[in-house]
Amino acid sequence: MTVRIAVIGAGIMGADHARIVAEDLPGACLQVVCDMDGARARGVAETLGAVDTATDPGAVIARDDVDAVIVASPDATHADLSISCIRAGKPVMCEKPLSASSDDCLRVMEAEQASGTRLVQVGFMRRFDQSYVEMKAALDEGILGRALMMHNFHRNVATPNADFTGAMAITNSAPHEFDVARHVLGAEYASIWAAQPTRSDDRVAPVVMVLRTTGGQLVNIEINNNAAYGYDVRGELVGEAGSVSMAPVLHSRLDSALSNSSRYDADWRGRYAEAYRRQNRAFLRFVETGRFPDIAASAWDGYAAALVAETGVKALATGNTEPVRMIDRPAFYA
Amino acid sequence: MTVRIAVIGAGIMGADHARIVAEDLPGACLQVVCDMDGARARGVAETLGAVDTATDPGAVIARDDVDAVIVASPDATHADLSISCIRAGKPVMCEKPLSASSDDCLRVMEAEQASGTRLVQVGFMRRFDQSYVEMKAALDEGILGRALMMHNFHRNVATPNADFTGAMAITNSAPHEFDVARHVLGAEYASIWAAQPTRSDDRVAPVVMVLRTTGGQLVNIEINNNAAYGYDVRGELVGEAGSVSMAPVLHSRLDSALSNSSRYDADWRGRYAEAYRRQNRAFLRFVETGRFPDIAASAWDGYAAALVAETGVKALATGNTEPVRMIDRPAFYA
Amino acid sequence: MTVRIAVIGAGIMGADHARIVAEDLPGACLQVVCDMDGARARGVAETLGAVDTATDPGAVIARDDVDAVIVASPDATHADLSISCIRAGKPVMCEKPLSASSDDCLRVMEAEQASGTRLVQVGFMRRFDQSYVEMKAALDEGILGRALMMHNFHRNVATPNADFTGAMAITNSAPHEFDVARHVLGAEYASIWAAQPTRSDDRVAPVVMVLRTTGGQLVNIEINNNAAYGYDVRGELVGEAGSVSMAPVLHSRLDSALSNSSRYDADWRGRYAEAYRRQNRAFLRFVETGRFPDIAASAWDGYAAALVAETGVKALATGNTEPVRMIDRPAFYA
Amino acid sequence: MTVRIAVIGAGIMGADHARIVAEDLPGACLQVVCDMDGARARGVAETLGAVDTATDPGAVIARDDVDAVIVASPDATHADLSISCIRAGKPVMCEKPLSASSDDCLRVMEAEQASGTRLVQVGFMRRFDQSYVEMKAALDEGILGRALMMHNFHRNVATPNADFTGAMAITNSAPHEFDVARHVLGAEYASIWAAQPTRSDDRVAPVVMVLRTTGGQLVNIEINNNAAYGYDVRGELVGEAGSVSMAPVLHSRLDSALSNSSRYDADWRGRYAEAYRRQNRAFLRFVETGRFPDIAASAWDGYAAALVAETGVKALATGNTEPVRMIDRPAFYA
């Protein structure tokens, strides 16, 4: 039986999700593309052969011919739309962040727990990326011994807008790192410290963070939004007996002009295309079976990412190590 | 409108193709799984939710509810089943080889030309592999200057059966290399020379071949079916101005016990999973549009591979450089 | 004219220096090997064909047939022996650290300045390592734009003794990183922050440090003395326009047993053999010409390393960012 | 006791050897630099502090103050000068080739055997290169099982002169590959086959050779003197149980402009600087001890290289597999 999916938001992320539903999710149907901007919704829908378009997300969530929802609208709408889906009893995959506000994330969790059923998957697709899968497998298989540290480097060519700040690097870019390190380590954060070097221009400088988990592990994160040279994500998981590092995914190397070289992408979409595909397939199986995917992020994970980001912004401002004060994990999310 | 595909042959390759149709080809439906062994057909069909099963390929090809056919039955049946598809006016993707006999390939070409329509795609999936796509792109973009040589290395852990011979390495394993080098270079072969080193046991030794194209390029191929260490394919395209090499697709590297290492697969399926998916999607688009895919292999390519393999077997026996005597390329395949 | 060199200390480092003098410094002569343990001095001297042996370093420094001195005795003796060399007017290459105490380093500087002549080279051989030479060249050539950060990772298989502490990691191992990052960046440190993860056993855990330079750059250092998998040093210099990373020096890779691998050394000596050779050749030229080598470390650099190490120990204890309070750089060391 | 060495020939190779003797061979003295062009000899001698210069090689070889000779004069003089050294009872290290003529090599061997003493080392320095040392060690340690094949790629940016031919590639460039593969495999050649692709201009095209050893192993060689992109030597030793590949020696990698890259040298001197140093040190020890170095090339090896090159030139002309007809190995060279 085909699962009829509505995609809310037809911007870059929404269009990508709609494309995956239409072209890479056998068993799913792109039922509705919804965007405040009806023309934009129709543009995406037409290209991909969606059944219908809409401009009112609330009405879309309520439709009988919609079995599940992907939320890829502006960040500020994520929490409320997720709560609407919960109230409609429909599984939702919400793009990250679940909310920039940890309090809003708590509201989503409360609604979900009140419903009695797991309904919310959060779009931290990195967990599905093969590099992290292999890191986690090496840890779980015992090859590395106990995990001690994780080093994470996230680099973009340039910030989209000139007034991007270090705080925005923490709230917008770092949550992927916050989440995937938590996921790989199977741990929660206890504290965070942050600093930035000084650039010669007015672009945002890299943010360097050192987090400690409740198990005493260190997670080091560099977010460099103006790295200039390319889109590049690196990671290393350091254990007591060994270490596993992310390898860049290459298909060829060029010898030319006294140089041996491989190319970087200019943005992130190629790097994680397969992870998005896997994530959305996991969501489809979740809808079909009601069983929450083992490795997917939940509302609890969305809350954790939001809270550590909020605390990181504070740490960057104070220069001190700031404690991450999470609520106890509800049994519902155990 | 859904394309209803029958898969003929439910062995390893057939089951893989059926799985791709069922799970990775939105717009296609796995209509029939056909195998002489009805139980095997039913096993695959059930797992994948095929509409029907069958044991008679001829009847399957004739069915009104079958729009297109994938042939993955034993090699000896490929040519005749392809001809049956042609006569039924149905697009067929035939696993490699189209036939081990170049004469049989000519028969397929004659039938296809007589039908007046392109209907036959041959399963040389390497053309869709990203490494070769990047090699060809580097050549076509002029970065490498004129192509001079291509080096190709194909290594398996071990031959499936003990009585595998050097001739079989040429007819069974090398055609992938023959085809993809022709494809990347955009050239035909003029001659082939072959030799084998001596092993200390009775397993088949590697076969080393040097082919010359009609444009004077050299194609060097090593087929090592008992390489022991892993499944490994390497390639390098050498031009007058530069060179491009295949990079192994890695996602992580392990530091442990005084060693930094990456893993090899034990067989070929992981390495080319994405190439098969791309190839079968190209076939689906071919069925939908009637337009033969730019980079797919045709019956002409199947013929070229069979003829050079036959000539290679002769070259290995004589120790001489043997001419590859192809017919002129019919305008139909231009 | 041959330069007659005395090596003081015949332990592992001293024996290595003596071997370089004897076998890799044409123009130099291994005049005296001196060690409190006369038998150990004689053992090294005999193997290498030294002219003489001794047990009293003060007397050795005073000898007329000694033109220059290499100090590789226990750390606590470094400063006083260097001062003795200064007073004797003889060039000295002192193994790192010049002293564990920054005050002692200041005493050496005062003596050297009082002598009116540059006489002291400190054995921070990393500056001569080709990887750092290339990093610094990339920076100086402008390829990287302004330097923003340097990431440094130092890993040993295991600590020599079980009661090694995090403070010792900072005072014994980290000075190489402190010095080489200062050297590559051409900067002084303004502050340091430090933390350690928790291990499951009682071995010393890694120490993670974040330093800020007076120019606002960040230097991140991981010292992992029980990394288990091998001796491994990594580094990356991140600029505003690009980045340059240390590459491991490999000569071959092995394909075996479903793995592609390269080997790590079990200790540091192979990794830096060429750097030691280059450093000692630079010292010989210094002795011959009186001109202090451009890239060698001076007493000032020894002081800087000691002071930042002292501050780092404090930072590890307090958990706070601690200011590095250096004296102003004397014109003598400009 | 210092070994007084005369270097005959003060061109690029001779000057390099003289520099190694002067600066990198403690225990040796650069006694004489000899060149037909006296000014050139004096130029090199002055730079390096040689004791004397000369223009007559015969007289140099006869001098009482010359203990050993390095021959780096034009190729055509190598054999006769080596014979002169033999007759004078003085050890000689002769640059490759010992002679382009295998008959001349036989004359050297006869003179050496008549002298009753091993006196001739041939300058195939690749044997001392760490990559080949590791390949041979992997083979000797049994990690690879029996050796089956060796792949060798030699690439230069461009030929020095426009009228360089395929035959010259075989006689001038390939001997390094011929020798080092014989050395690593511990085998003699039985036959050789050769071919060239066609270039679009009049520069010499690559030469591809397949040699068979008397043990049935295949040695594949590509000599590409106009590879354009850089100086590059690659090699792989393929055994029945595994494979070992040469790794390029890198010290850093650059991230810049959507590319991750490492640099190639424009010529061979950096790549083999350490191998030349090791080779010449082995020669010095040979002179000191009279014991021929285990891994150095002898006159027999010089003969083997010349003969297979002569046969290779023939094979390239005929297009046939040509037998390599070596004399039996004299017991003297066992």
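So that you can tell them apart, the chains are marked A, B, C and D in the order they are listed, and the count of residues begins at 1 in each.
Rule of thumb we're sticking to: a residue touches a chain if its C-beta (ideal position, glycine included) is under 8 Å from a C-beta of that chain, and two chains touch if they have at least 3 such contacts.
All values derive from a computational prediction rather than experimental measurement.
Under the contact definition, chain A and chain C share the contacting chains B, D. Greatest Cα centroid separation from chain C: this falls to B. Across the two candidate interfaces, C-D and B-C, the one carrying more C-beta contacts is C-D. Each chain gets a centre from the mean of its Cα atoms; for chain B and chain C, those two points are 57 Å apart. Inter-chain centre distance (chain C to chain D, centres taken as mean C-alpha positions): 38 Å.
Across the assembly, chain D contributes residues 228-229, 241-243, 255-257, 262 that each touch 2 or more other chains. Interface residues of chain A, counted against chain C in their complex, comprise 145-146, 148-149, 151, 193, 195-201, 205-206, 208, 210, 212, 215-218, 220, 222, 224, 226-229, 238, 240-243, 319-321.
Residue ranges of chain C in contact with chain D, taken from their complex: 22-26, 129-131, 133-135, 138, 143-144, 241-247, 249-257, 262.
Within the complex formed with chain C, the chain B residues making contact are 157, 228-230, 232, 248, 255-266.
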